[in-house]
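Given below, in the form of structure tokens, are the structures.
In what comes next, subunit A is part of two complexes: it sits with subunit B in the first one and with subunit C in the second one.
And then the complex of A and B:
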């Protein structure tokens, strides 16, 4: 089960270490995008979007189809994000907003039904087989050499772009007018609507933004992962773990937790492949026992 | 004696139901009603025990099927083990039955100790996360569980006390007795002081604390008992299918169980059981007419949740004036 020799050997060689760190960062940054959307929606609307993984899946499939037509990776990532965002606004307005403030049982059921429906629709449209998008032409370049390890340009691009998107999201929420309205509405929505601001509109936009973040993660991941109906659920569970470790509602917390998890995955795949999931849950359980609010949030989750 | 008089009515109803169920077994030749009822016993216990969490105690778990699956897998694995069978001989089934429930109890105590302190939303998604952990263990530990394919090769069913569980009539009777005992147990818990404590915690946790109820302990005990009852459901399913399958631990199984409760209504004791029957009928009908069962089931759930806003049974009872709003 444990292969520490392989682990030590790997970290003895700079090239292997660089490879593992890059793949850990990739996993972490994509996870960060999904989790930041989840944590954003929770922080403002106080709703756990159990259907969040669906938007990751939808983003990936939209990107795949766009890529087939345009052969442009950047455009397809944009379409994936936009499509997931619009789909998210639709989901918020038509379905989940009807059960805001109601029993959590109702929210669970709406999300459950929504996942069943979209998974089946994806099967109808794109088929049940695994789909591989392949490395886009723009990025078929010679890899960078860092300390003897090879880093494909696509990987470097993904890591930097995810980081930029994360920083932009934090700035959007903390510095802009949109951000302050949304944060104010989260504190006291009757007061904000009394000021003449259409709170439901802002809530829908925020929900759409959260879903677009999941969508762009799916779209960006399309060349490096295979696409399959139901692919969203695995990443949903991992983003739960990220938000628990980082703290609900905290985007910087999500970033650090996602990187921790990404590195756990990539390093674990060398040293203890069967125990990777177990270790992730163990980290989460330890955080929950000693600091139930997450590492980067003050206050109580009780 | 006072305990007996208090529950005299429930015990009589239970005895009566057992007799009816056994009579059905004896006089209906066709295998379909028995097979259908066994699957109702199994999933009914899943739904009824989940309602002990959701309806009695207000703890909305999204990962309850994990304990169903664990019970089923533990039972199946024990009865596939040569050394277990040679050690316990004719008593294997009984020992495996109780050991599986016990294992589930221990596992749920660990999960429960982490989860029950948390607020409602955290509780829901952590139970879900831990269920998916169990699922990934089942799928990746191929040498033990058979991975994706499930636990294959059948299970041994040695004869004990003249009961031969490979005989479909014996198996059906055995399952119906176990089922009714579990439902009776849930009923007694519901009407006991323990049940009152749970409802008090559900309605006002702070008040319960002021009245001296140890909220954490009561919730944890409730979580463990509910999980053990769910594991009995899994055991019945393993007996029935002679195997165990990873889908039991998949999250959709928990979603389905929540929908069963919702269909039948959380405020009626036997509601989840009615919901179980309704959902199985819906599934059967949908499967007959469409290959896109998930799509149709999803739409039905949306209609019930967003249209009726309450369980189908509650809705009908209110419409006909039997249940007051």
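And then the complex of A and C:
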């Protein structure tokens, strides 16, 4: 099951090391975008958004339709994020806000119903076929060669862009007035209301921001991942693993955990191809046993 | 007086009723049912959601061609065929549950199972348990019918079989390997029964025909995995001379798009057995040149009027291009209809099984215009197996060569002996 020779050989060769490290980063960074939205919503609203993968799917489909008309990748990604964000606000206002503070089972049921309805809507609008958006012409370039390894320009761009979006999100939450208000409202929402601030509006905006992060991940990945109804489910499971490892509510934690998972996948495909998923869950189990709050959250487990 | 009248009425009623009952007893209920034109309900489970939903859609459109033909011709002794389909979402437990439901709640008398391998094995056991005649139309895993342990007297397969493709593909690929001096092979296959069995069989035959070939790297992405980057870079690191992949459907589309980013297809020769399905070829935005692929369904292979007519009938009832699954579903339905004709519409599983074992029908997809379901192992033979090379424009595959069934029969027999199936 374990092929340590292959692993040692790989890291003995610069080209193999470059290939596997960059592929780990690209898997990790897209996962980070999705997971950061999930962890943000949990951290502030204390809601586990089981429907988060749906916004990843919605973002990808919105981007696809925009790309059909405009052939602009960046505009498509923006529309994907915006569409997922607005859809997220709608979901928060109409459905999930009704079950804030209620039993987790009730939240799960509302989210599951929403997933099924949205999947069917996607089927009605875009059909059941798998759709490929295709790689934008500006990125149809020969891969960069770094120490003999291959790095596709699109992936290099995605890694940098994801990192920038992640940093901007952290700054938005920690340094801006918007961030201060939502963090204060998370601690004591009646007090913030008493100051004349419309807390539900801020909660809705924050929920929309979380969904927009999932949406932009779906939109950015759309050129290389075939689009199908229900495509959000696979990424949801991995996002949960990231959130558990990194710590519920911690965006830097999500970043590190997503990179750990990305590297586990890429290094695993060389050294232990049959145990990649197993190892991901094993890491999660170890974190849960020794630090149940996750790597980057202080305090006791919830 | 009133009572007397009532008595007479009751007496006459009794007379008429007894006469009616006697007539019924003499002529039998089936004729009454036939007179009522009760349709023969065929239960179909397939995948109608998720990444391969399009394939399930083409299953229903494919079998519709055969169903429309028989129903427009008046059905089987006046009884029409009615297909009742359900979406299994590719889940074995769901397929098994729905199959039972189709029989118990919907009154389906026969089954056409249109599932991929995982769910087909589950449905196979349900058909054994509830004793309903069943034809598997999609699963290609060889052991389904080749292994006597899996065989059920009233269950058949009207689909490709992995071992047939492995021999045909092995011969085809070994000729290219010899010509281009390809020695080191890598493989990329979905990690479940079909992917593992197909890859093992293909490589076994490739090595048999070109003994100096080695498999140096194997990578096993999960079925429906969104991202193949780690698999692609693992392949690039291995620097093989050639790649073999049996990824299929949307997975293959995503794999090719992602691999193109790394220029993978420029670096070594690739063989993708499931590439030659029209919706896949048209979904890939920029199809790489010179990849060898199996022609899963192609309207020009065989290049006959019958095949062209079938294509036109199919397209008249479908907004999606036909796939490998379409011709297989059509074929399963045709074998079922032929068997029903022979039993006069009787759906007794043993009678239908007797009519199907060894049955030969006319078909646009047979190499000589016919196909047979073999009696000894209940599986389809004599269908077209062909391989070609991709070109970037319609019809996307060129230089197509058909495999010879004489070679396939010889190697299939040896394989069965090695596996101790015979």
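Points to keep in mind about this one:
By definition in this document, the second predicted complex is superposed on the first by the 300 of 302 C-alpha atoms of A that agree within 3 Å, B and C clash if a C-alpha of one lies under 4 Å from a C-alpha of the other, contacts with A are read in each partner's own complex, and residues count from 1 in each chain.
To be clear about the criterion, a residue touches a chain if its C-beta (ideal position, glycine included) is under 8 Å from a C-beta of that chain, and two chains touch if they have at least 3 such contacts.
Since the structure is predicted, the reported quantities are computational estimates derived from the model, not experimental observations.
When the shared chain is aligned, subunit B comes close enough to touch A:116, but subunit C does not.
By the document's definition of touching, of the two partners only subunit C reaches A:140; subunit B does not. Look at A:292: by the touch rule set out above, it reaches subunit B but stays clear of subunit C. In the superposition on chain A, A:235 makes contact with subunit C only, while subunit B stays out of contact range.
In the superposition on chain A, A:105 contacts subunit B only, with no contact to subunit C. In the superposed pair of complexes, A:48 makes contact with subunit B only, with no contact to subunit C. Legend: residue contacts after superposition of the two complexes on their common chain; A:277 is shown touching both subunit B and subunit C. When the shared chain is aligned, no partner comes close enough to touch A:69: not subunit B, not subunit C. By the touch criterion defined above, A:19 reaches subunit C but does not reach subunit B. In the superposition on chain A, the residues of subunit A contacting both subunit B and subunit C are 119, 123, 274, 277.
The residues of subunit A lying in touch with subunit C in their complex are 10, 13, 15-16, 19-20, 22-24, 26-27, 30, 119, 123, 128-135, 139-140, 142-143, 150, 152, 154-155, 221, 223-226, 228-231, 234-235, 265-266, 268-270, 273-274, 276-277. Residue ranges of subunit A in contact with subunit B, taken from their complex: 42, 46, 48, 50, 95, 98-99, 103-106, 108-110, 112-117, 119-121, 123-124, 233, 237, 240-241, 244, 248, 274, 277-278, 281, 284-285, 288-289, 292, 301-302. The touching residues of subunit B, counted against subunit A in their complex, run 54, 60, 62, 114, 117-122, 124-126, 128-130, 132-133, 136-137, 140-141, 251-252, 255, 258-259, 261-262, 266, 292, 294-295, 297-299, 301-302, 305-306, 309. Of all the residues in subunit C, the ones that touch subunit A in their complex are 48-54, 57, 218-220, 222, 224-227, 229-234, 236-237, 249-251, 253-254, 257-258, 260-263, 279, 283-286, 320.
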